[in-house]
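Note that chain A is present in both complexes that follow, paired respectively with chain B and with chain C.
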Partner chain A sequence: MTDNKKNFNITFYLLIVPVLIWLIFMIVIPHAELLISSFQVEDDLGDMVFSFGNYIEFFTQKIYWLTFVKTAAYSIGVTLLAFIIAFPIAFYLTKVTSKKNAAFLMLLLLIPLWVGELVTVYGWMVLLGDHGVINSFLITTGIINEPLNMLYTNFSMVIGLLYMSMLFMVIPVMSTLQSMDDSLIEAACDLGASKWDIFTKIIIPYSMPGITSGAIIVFMLVIGDYLAPNLLGGKNSLWFTEQIYNNFLTTFNWNEGAAFGFLLLMLSSGIIWLALKLSGQKLDKVGS
Partner chain B sequence: MIRSLPTSSLYRIGYRLYVFLFFTFLLMPLVAISVLAFNDSNFISLPWNGFTLDWFFSATDERQGLFNDEELMASIVTSLSTGFFVAAMSTLVGTLAALLFEEEQFRLKGLLYFLALAPLVIPGVILGISILLTATAAGNHIENTFDLDVELFRPSYWLVILGQFSFAATYVMLLVSARLKKFDRTLEEAALSLKATRLEAIWYVTIPFLRPAIIGAFVVSFILSFSNINTTIFLIGSDPTLPIDLYSRIRFSSTPVLNAVSFLIVLTISGLAIINLFANRSNK
Partner chain C sequence: MSKILEIKNLSKHFDDFTAVNNVDFSVEEGGFFSILGSSGCGKTTLLRIIAGFQQESEGDVIIRGQSMKGIPPEKRPVNIVFQNLALFPMMNVRENIAFGLKMQKLKTADMNSKINEMLDRVGLNGYEKKKVTDLSGGQRQRVAIARSLVMNPSILLLDEPLGALDRKLREHMKVELKLLQKEIGTTFIYITHDQSEALVMSDQVAVMHDGQFEQIDTPRILYKNPKTSFVAGFVGDTNRFEIESSDNDSIITKGDWKLKRSDLTMSLQGTPEVFYIRPEALILNPDNSIDGVDQFEVTIKTILFDGSNTKLSTIVNGSREELLISLPQNAQFDGIEEGHILNIGVHRDDVKCF
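Now for the complex of A and B:
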């Protein structure tokens, strides 16, 4: 028995040691370092000293906190739009069309996801440009004479953000709808409920766990995105991640970048925490 | 409304039209880049000038095809090998994490599980900068105390692998855990009562059951690595991965060779997706 007990212990350590190395060295220490660096500035002698300077800079420079607020507002807006666009698709795939059709459409749905954001953002640049596919098509067919200015605007940025994130709304909503018993809808219909009532009083409440998971993932992806604002957005479409990139890769002010990074982390986890509280969900449900 | 209920034809047609428009929106960018990869033109735009394979095979100064572009080929190789190491490491650690959290009871389990899920809600940018800051601080410390310059602690090939591993392991853990939840624990207990050690029981009973999920997780973490840019861009050293190379080309010098690369990616992914569809079908 003691022998067996010892075995259990060895297995336990074999499992936990690699996991601890991963979590401590790749997650805990880096984020502690991020927090520490954000409170450091270089003094006149070139030494690193403790200071609130990086955060004071953020709150006193209008462009920084305005970008911060704008990024948060746009991210919430895109998350809402993603819900409105994706929900009917998730419903169609689980409840309306045949299983065989649904499997094929799921395949089409997953391809853009797997292809990666860079290729699809590039695809939108090719489509929306002044000499892009959409403009040439509209001009050749005579619908318009002058090219529409679509690329490098907030419009193209939102398209890009929606495109790369809305699939993450479809998938979790589909998995909750799959477990929904159709007879709930049939019963409501037999009792004379209108489509709108069935939708708002039965289907939406039932799929709330999926909607929350989807909303959290979409929001996180959008607020942390860099490619769509950078390549599709215009001069006025500044995104907060771009400020962080500039600090790290252009001006090399890493400590200010760390402060901005920490603020972004606080913002995204704050809003996610709020969403979890309001919907009464736990983080581990989001992953599954 | 649903399959079993009658609906008005207007509602049905409207709904189908919406679904059709949605999928058009979804596939439009992929179709556009793929088609323009074969356009006989030096610009990435219409009109259609006829079919050509120049952007894959040509070797002239004006048109350098994908397969003759040494820089692009090198970045593809970098991405493939990075993806392989990331997938191998995160599949190993993610599977161990799934076994740990599903089968073991220990103190601070809740906290560790929370940390393991954290990469799901930490923007990739933040992971990138915090790993860069830590590696640089560690590298400086080692250089000052031991007078050693360790490549791992500077932006480099291996730092990219570590950075991508840090979040890919979470996805592996979730995929493997999902299958482990369906595992009949009595099989492991039977092995134990037949005098197998715990380790043997896991290796000969649990792991074979998990194999499809482990293979799937390997592919998923490879794809995550292959397409990642948010974390990678901070950690990159002298050899860029494919997305980083493409990104700088898109910003500074686009030619239709970008479409040729994108087309190959779309083709590979579609192939994988179709294999996946048929594999799932034959499982059921």
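Now for the complex of A and C:
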């Protein structure tokens, strides 16, 4: 009995130590460091002093919070679009097509993840550019005379963001749909529900935990993404991660950058909290 | 009483397999009709065709004189209680029951009175706000039945709804379902593989085998007078004897039980292949004064004690045939032990041969 308990303790510590090391060195310490430095500014003598200056700067410069609001609004929009596109895919893969087909199609969906975001973003640049595949095709077939301006617009940015995040909506939605018994749909049908009623009153509510966890992942990926807004959205994309990047690597104002980082963290956490409240979902259920 | 449901020469073929083969029957209004069969006999397919979830290959389903051809499930005057109940897990008890009425766009006041009446009827008052996942098996059962009954269907179809319950609860729900059906008077069509469920609850039982109906009768007749060999073997416990050879004055079973033609009722006709005797039809130490009783001797091998269902496993003397005999638990037979030789009688009408 005591031996067992001892063994259990050793195993317990062996398992917990890597987790703690990870949490402390990779998450707690850097964040604490950033939090402290976000409240520091250089005074006239070149010493670091405590100040709210970095945060005040954010609220007084219109361009900063304009970028902030745009980033939030577009992230929510991309998340919604991801849901609209991903849900039919997930439904088709779980409930319509055969298991064998579904596995093959799933593999196809995964391919963009294998090559990495940078490569897929360049892929989209090749497709959408002024002399890119789509414009060349449209001009040679005579549909248009002047190339369409698609690259370096909000449109191309949204496409890039959608492309890299959509799969993370498909997978959790698929897993909830898989657990749904088809007889629920038949029962609803038997009770007189139309196709639309079945979709809105049975299938969507049932898959809500999956949708919510998918939405959280997509939203986090999108709001914190740097490559797609920067390369596909161009100079005018006004994505908040670019402001952070500029502070750290262009103007070397690490304190301002740290403050912006924390503002972004608070923004995304706040929106997710609000979304959970509004949809009536619980985080523990969503995570499972 | 009028016929509420008529099934006309109904067949259902899958690629190279016939699930329902030319089934033809009708159900009286207000009756409790069971379809009894082992799994894979086509009973679920038949039920799903009546509900409209599957299309018949041939034949027709007629409800209240109206053909159901081309009518989708949501428009048919039938509701179904699914095998796994298919309650909506994201809704509470009340929302589950209200779902169908909401689809009908009923006024809130009408809806509430119907739901309350139904909650009363199935004894779920006070549970309406509970989540269906928090209910016990029996309560979930009642929610599923209430959800269908509140739609006031012409026919309620039940697809083995008691299958998932434990034995004790199943026994209880059997009686409850029967009483509920009597009280509300809706026609129930109940499919099951459990003969006890079918026999206890039904007014009429159809025994289904390989996509066909073997016999449709009241439970009593089905048990007493099976029309086919399958029904005799399937419904109730029974002893089955296959006949090896027969001539004019004797027959021999596969287990070398030699019987004189004059002994048993099968002497009456032709060359039967098999005969059945129910364990409870056998009389221990029969009185010679009873008419039409044939007698033979058996040796007791073991006593299979199971309370009121206790049986003797015996060997017919002079053969290798095993015979199960019901043993009443009363003082008369308390002294019976393994190895004893017993005199057994059977009335000629209780031997069913095919």
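The definition used in the following text is that the second predicted complex is superposed on the first by the 265 of 288 C-alpha atoms of A that agree within 3 Å, B and C clash if a C-alpha of one lies under 4 Å from a C-alpha of the other, contacts with A are read in each partner's own complex, and residues count from 1 in each chain.
Here is the rule we go by: a contact is a pair of C-beta atoms (placed from the backbone, for glycine too) under 8 Å apart; a residue touches a chain by one contact, two chains touch by 3 or more.
Please read these numbers as outputs of a predicted model, since none were measured by experiment.
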item: Chain A as common anchor, with chain B and chain C clashing or fitting; value: fit
item: Superposed model, angle subtended at chain A by chain C and chain B (C-alpha, nearest 10 degrees); value: 90
item: First, second, both or neither for A:S136, with chain B first and chain C second; value: first
item: Touching partner for A:C189 - first (chain B), second (chain C), both, neither; value: both
item: Residue contacts with chain A in the superposition, chain B compared against chain C; value: B
item: First (chain B), second (chain C), both or neither touched by A:L265; value: first
item: Touched partner set for A:G233, first chain B, second chain C, both or neither; value: neither
item: Touching partner for A:D181 - first (chain B), second (chain C), both, neither; value: second
item: Touched partner set for A:M208, first chain B, second chain C, both or neither; value: second
item: Touched partner set for A:D197, first chain B, second chain C, both or neither; value: second
item: Minimum distance between Cα atoms of chain B and chain C in the superposition (Å); value: 7
item: Footprint overlap on chain A, where chain B in one structure and chain C in the other make contact; value: 186, 189
item: Sites on chain A touched by chain C in the complex; value: 181, 183-184, 186-194, 197, 201-202, 205-206, 208
item: Footprint of chain B on chain A - complex, ascending; value: 4, 7-8, 10-12, 14-16, 18-20, 22-23, 26-31, 33-34, 37, 85, 88-89, 92, 95-96, 98, 103-105, 107-112, 114-120, 122-127, 129, 131-133, 136-137, 140, 163, 182, 185-186, 189, 195, 198, 216-217, 220, 223-227, 231, 241, 244-245, 248-249, 254, 257-258, 261, 264-265, 268-269, 272, 283-284, 286-288
item: Residues of chain B touching chain A in the complex; value: 1-5, 11, 15, 18-19, 22-23, 25-30, 32-33, 36, 43-47, 92-93, 96-97, 99-100, 104, 106, 112-127, 129-134, 137, 162, 165-166, 169-170, 174, 177-178, 192, 197-199, 202, 223, 226-227, 229-230, 233-234, 243, 246-247, 250-251, 258-259, 262, 265-266, 269-270, 272-274, 277, 280-281
item: Chain A-touching residues of chain C, taken from the complex the two chains share; value: 51, 53, 72-75, 79-80, 82-84, 86, 88-91, 99-100, 103-104, 147-148, 151
